[in-house]
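Order of writing sets the labels: A, B, C, D, E and F. Residues in every chain begin at 1.
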Amino acid sequence: MKISARNQILGKIVEVVKGTTTAHVKIDIRGGTIITASITNAAVDDLQLKAGGAATVIVKASDVMVGVS
Amino acid sequence: MKISARNQILGKIVEVVKGTTTAHVKIDIRGGTIITASITNAAVDDLQLKAGGAATVIVKASDVMVGVS
Amino acid sequence: MKISARNQILGKIVEVVKGTTTAHVKIDIRGGTIITASITNAAVDDLQLKAGGAATVIVKASDVMVGVS
Amino acid sequence: MKISARNQILGKIVEVVKGTTTAHVKIDIRGGTIITASITNAAVDDLQLKAGGAATVIVKASDVMVGVS
Amino acid sequence: MKISARNQILGKIVEVVKGTTTAHVKIDIRGGTIITASITNAAVDDLQLKAGGAATVIVKASDVMVGVS
Amino acid sequence: MKISARNQILGKIVEVVKGTTTAHVKIDIRGGTIITASITNAAVDDLQLKAGGAATVIVKASDVMVGVS
């Protein structure tokens, strides 16, 4: 399936921590840049996410903010 | 100000397109990876965003999804 | 690609209205229930969305609220 | 109260699972289609959500993505 | 309808600006604090929002970030 | 850092409750109005959020809904 979300970056899972209902998945999208995703435990199980696996970070454009120094 | 959003990546603005109320800002976070942010025209004006300027992409962890092939 | 978003419902596009930067896509997920998606014009072009085509509505669980009367 | 969110679908709660802070509520919006909402435990208590009760799924249009095969 | 979103603040609309598809509504929630909502033009029409009217600002807890100086 | 999010309100933290992965932070933005933020435990630790401290509530305009009675 191809999806409308404008931001899709391939990376590698470096950590999966499951909570009681919500999991945090960390994905390395390049040397040193780690993206944290907060998703359901059910999604982690369904997609069989685990450290070392390839994964794509997906973010809708309307969820991206911009900061300037 | 330091903010709670887990994902903050420094990049360079490559394009700013203003619509009637909503603007799309494209930020290069590394050679070739472009992030699109959909924000208000007012924010573009307020932060004086323009192509060539440095900017940080900010995304809350709960807005990140994960995909696997 | 398989994605972590818990809510994915197949339907049929009934309307695509493009604005200056933001488009509204209406998808019929069953007789009478229409879902409205606000996405970028770029996504509409990229996925070649048009009335009559099949499409899947995708919503992350953390973006769903619950109401009671 | 009438709210601006474009997507509001009446259904029936089929499961409520509370975590330490975050709960997952599953709502059947038609025969077989289950929507998962990730909300606070406080909201579950406040609205007295429980399996078997009627409930409305509410999603803002800007939180809806579109997928095509 | 009572909804799960934890943050609901009554205020007064001070401005409604419609774009081609997306509108910006400004709501004064106390002397001087103005909240901006980006919603669909359709919602503005449906709820008949206009300057001077009472309105409630609604935000899901998972959409709130925290900043510190 | 200055950020694009249109809604930024200074307040005082009144409660921090950490779950297994997700924390709830309550911030008083004026006499009696409490905003709840659902953020990661990691953000609470990183920003050293605790009751009594000053904090800014940050919400992107596209995450704000409007209700009318």
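Just so it is clear, a residue touches a chain if its C-beta (ideal position, glycine included) is under 8 Å from a C-beta of that chain, and two chains touch if they have at least 3 such contacts.
Note that the structure is predicted; figures quoted are calculated from it, not measured.
> In the touch network of chains, how many steps separate chain B from chain C on the shortest route?
Steps on the shortest route: 1.
> Name the pair in A-C, B-C or A-B that forms the same interface as D-F; by residue number, over half of the contact pairs must coincide.
Over half of the D-F contact pairs recur in B-C.
> Measuring from the mean C-alpha position of chain B to the mean C-alpha position of chain F, what distance in angstrom results?
21
> Return the distance between the CA-based centres of chain E and chain F, expressed in whole Å.
The mean C-alpha positions of chain E and chain F differ by 17 Å.
> How many angstrom between the C-alpha centroids of chain D and chain B?
Computed value for the inter-centroid distance: 29 Å.
> Give me the residues of chain E that touch two or more other chains.
1-6, 19-20, 22, 24, 36-40, 42-43, 47, 49, 56, 58, 60-63, 65-69
> How would one label the connectivity among the chains shown: line, ring, star, complete, or other?
Other.
> Flag every residue of chain E that touches chain B in the complex, lowest number first.
17-20, 22-24, 36, 38, 62-63, 65-69
> Which of the residues in chain A come into contact with chain D in the complex?
Residues in contact with chain D: 1-5, 19-22, 40, 42, 60, 62.
> Please name which positions on chain C make contact with chain D in the complex.
That would be residues 5-9, 24-25, 27, 29-30, 33, 35-39, 43, 47-49, 53-69 of chain C.
> Please give the residue numbers of chain E that touch chain D in the complex, ascending.
1-6, 37-40, 42-44, 46-47, 49, 56, 58, 60-62
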